[in-house]
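In the part that follows, the structures are each spelled out as structure tokens.
There are two complexes below, and they share subunit A, which is joined by subunit B in the first and by subunit C in the second.
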Partner chain A sequence: MKILVVCGNGLGSSFMMSLNVQKAMKELNIEGTCSHTDLASSKSEQADYYIGSPEIMDQLNDGKRKVISLVNMFSLDEIKKALTTHILEG
Partner chain B sequence: MLKTYLTEDAVQFKADAQNWEEAIRLAADPLLKNQTIEASYIEMMIENVKNLGPYIVLLPKFAMPHARPENGVNRLGLSLLILEKGVEFASGKGANVFLVLAAPDAAAHLNILSELSTLLSSQEKVDALALAKNYQELVTILEEEEK
Partner chain C sequence: MLHLIMNDILGTPAILVGLFALIGLLLQKKGIADVVSGTLKTVMGFIILSAGATVLTGALDLFGQMFEHAFHIKGIIPNNEAIVALAQKTFGAETAMIMVFGMVVNIILARFTKFKFIFLTGHHTMFMACMLAAVLSASGIEGVTLVIIGSIILGALMVFMPALLQPYTRQITGSDDVAIGHFGSIGYFVSGTIGKYFGNKEKSTEEIKVPKSLGFLRDSSVALALTMALMFIVVACFTGPTFIEEKLSGGTNFIVFSLTQAITFAGGVFIVLAGVRMVIAEIVPAFKGIADKVVPNAKPALDCPIVFPFAPNAVIVGFLASFVAGVISMFLLPVFGLAVIVPGLVPHFFTGAAAGVFGNATGGRRGAILGSLANGLIISFLPALLLPVLGSLGFNGTTFGDADFGIVGILLGNLLKLF
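Up next, the complex of A and B:
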């Protein structure tokens, strides 16, 4: 399982979001890696799931990629719910 | 760590701003004055929001304007603007805390972001930040975090 966290520049928000996604993955026992990058690079990087803010996910969603939007990236509850819905039950 | 960078001259408290663009310009002003960033960095932060949407609003009330190291960053720096009255972005997202991040490369700022991430995990802390009225109140919130 490879999860890619995406933000506009790839050096601020996506890093912080990836810290929380990693926490959530651990708590949910999801095996895999989580890395972070910027929007432009993410378009050429393969991942099982792409996670980011709704604005960024809208731009990445081409109908083929599996994208997960997060409104509050610091809410561990929201992240766990999103991962459960998309990955564990998906 | 956050406190080390958020010195008194890097932190501003204001009643309001005309719009989000002005808020970003105001928030970044201390970094421009002490030459941590070039004027081009401020323009790029604004361009980023125009091009990519207000993803810099990391959670309700809290925005972290930033651009890339090559857009005019001379060294690592942070500045903070707290508005009594928040400003709205195009999507209806609002913020009254603006933390400007200037990162000179992809690694130097990661410790700061880890600490910030812990702080922002608590909605109570974010609410307290948004209501801080002066530098002393801000320092108290940041010091609680370090304990």
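Up next, the complex of A and C:
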């Protein structure tokens, strides 16, 4: 399983978020890797799930990609909840 | 032996940051595979960063020549990535050391003062380290003294800038768990303050309808290529085809040439970003890991886009207001005898948008508009005033874009002149 965290610049926000996603994956026993990148690069990078803020996900969502939108990007609880509903139960 | 260590190991920035990553990975007790790949990636990141600088320098130089031929005045493109990448040739080792020791100072201050902020926006830590190295060096300070002074200032900024914003950040996020760690703070602080006194909190930007179509500007490489293409082509029209085709392009049509140069610049910045991403990828988690252990109740100070989802309309309103102020400033700057700062969509988008969110939180629509207009003026005038204190680095046609780099550099540079 590969999760890709995306933000506009691929530097700050997505990086912080990926640290939390990795933590959440460990706690939920989800096997796989999580990396981060900018919006332009993400369009040509394959991943099982894409995570980011709603505006960014709107632009990435083409109906084929599995996207997960997060409003509160730094909340570990929200990340865990999202991973649970989308991946573990989905 | 000493010569080898001092000059070839500590003096080669790529090796130096690799060494810091190596220490960080060992301190976190990572496995051998992680240690090897993490260290190599960090070194590679630094080399990619320098390669990006080579790509964008040519375009930057051509833009400068065209601008000067057309308007007989200097045109400067503020872009953090570009100036930092260019500076690494001269200040690479100093930047790396100030960055790492600045993080140590941040941890010490967070541990022993009431400001429990850990500044996690690694690229801004790096940019500020570079700016400090340039200004201190231009004032004649060098070696160990430069690294010590730079690290103390950097570490202090990493704690006090988030602290300055925290009263407003709390109003945006509705909690005290997280802070903003982004060196555009002065712009956001001014915006929040203007909103507080001149705005009306009841009328939020979130009640108005704003077209979503501007969202593509969050894609920074698209936004950058677009601004540069517009700027290059407008300037090219003023420069005229004769000068460009005879002197610069070797006969290629001036519009086609401008377009390819504009996108070359954006491409260079994209490469630099990829390099920066690899450099900070190992250093920031190590910093966070150590801080979590040493500082109880540490609050992470994060990059500015984390406030965007709290007020998506203020993001667009703030960007537009800031950009308008940037365009107006472009015409005002020469009146004051300053270099022309070409407004960029990227700095106005990220800092203008964040200023909009701060202004909206304290003063609604009016706060968002007035606050972001102020931010736009700040990030146009400060970069122009910063140029003289950057020394030889100030002659490359680019400068630091965000507010804090300007204010800190100008204050420090002029303070050092007194001695």
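Here is the rule we use: the second predicted complex is superposed on the first by the 90 of 90 C-alpha atoms of A that agree within 3 Å, B and C clash if a C-alpha of one lies under 4 Å from a C-alpha of the other, contacts with A are read in each partner's own complex, and residues count from 1 in each chain.
Basically, a residue touches a chain if its C-beta (ideal position, glycine included) is under 8 Å from a C-beta of that chain, and two chains touch if they have at least 3 such contacts.
From a predicted model like this one, the values you see are computed outputs, not experimental measurements.
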### Query
A:Leu76 contacts which: subunit B (first), subunit C (second), both, neither?
first
### Task
Figure out whether A:Leu28 sits in contact with subunit B (first) or subunit C (second), or with both, or with neither.
neither
### Task
For A:Ala40, select first, second, both or neither according to whether it touches subunit B, subunit C, the two together, or no partner.
second
### Task
Figure out whether A:Glu55 sits in contact with subunit B (first) or subunit C (second), or with both, or with neither.
both
### Message
For A:Met1 in the superposed arrangement: first (subunit B), second (subunit C), both or neither?
### Response
neither
### Query
In the superposed arrangement, does A:Leu88 touch subunit B (first), subunit C (second), both or neither?
neither
## Note on the structure
Residues on subunit A touched by both subunit B and subunit C 7-13, 15-16, 19, 39, 53, 55-56, 58-59, 72-74
### Summary
Counting only contacts in the complex, subunit C reaches subunit A at residues 120-124, 177-178, 182, 212, 215-216, 218-222, 270, 273, 276-277, 280-281, 284-285, 288, 300, 302-306, 308-309, 312, 315, 350
### Task
Could you please specify the touching residues of subunit A with respect to subunit C in the complex?
7-13, 15-16, 19, 36-40, 53-56, 58-59, 70-74
### Query
Along subunit A, where are the residues that touch subunit B in the complex?
7-13, 15-16, 19-20, 39, 52-53, 55-56, 58-59, 72-76
### Query
Which residues of subunit B touch subunit A in their complex?
48, 52-56, 58-60, 64, 66-69, 91, 101, 103, 106, 109-110, 113-114, 116-117, 120-121
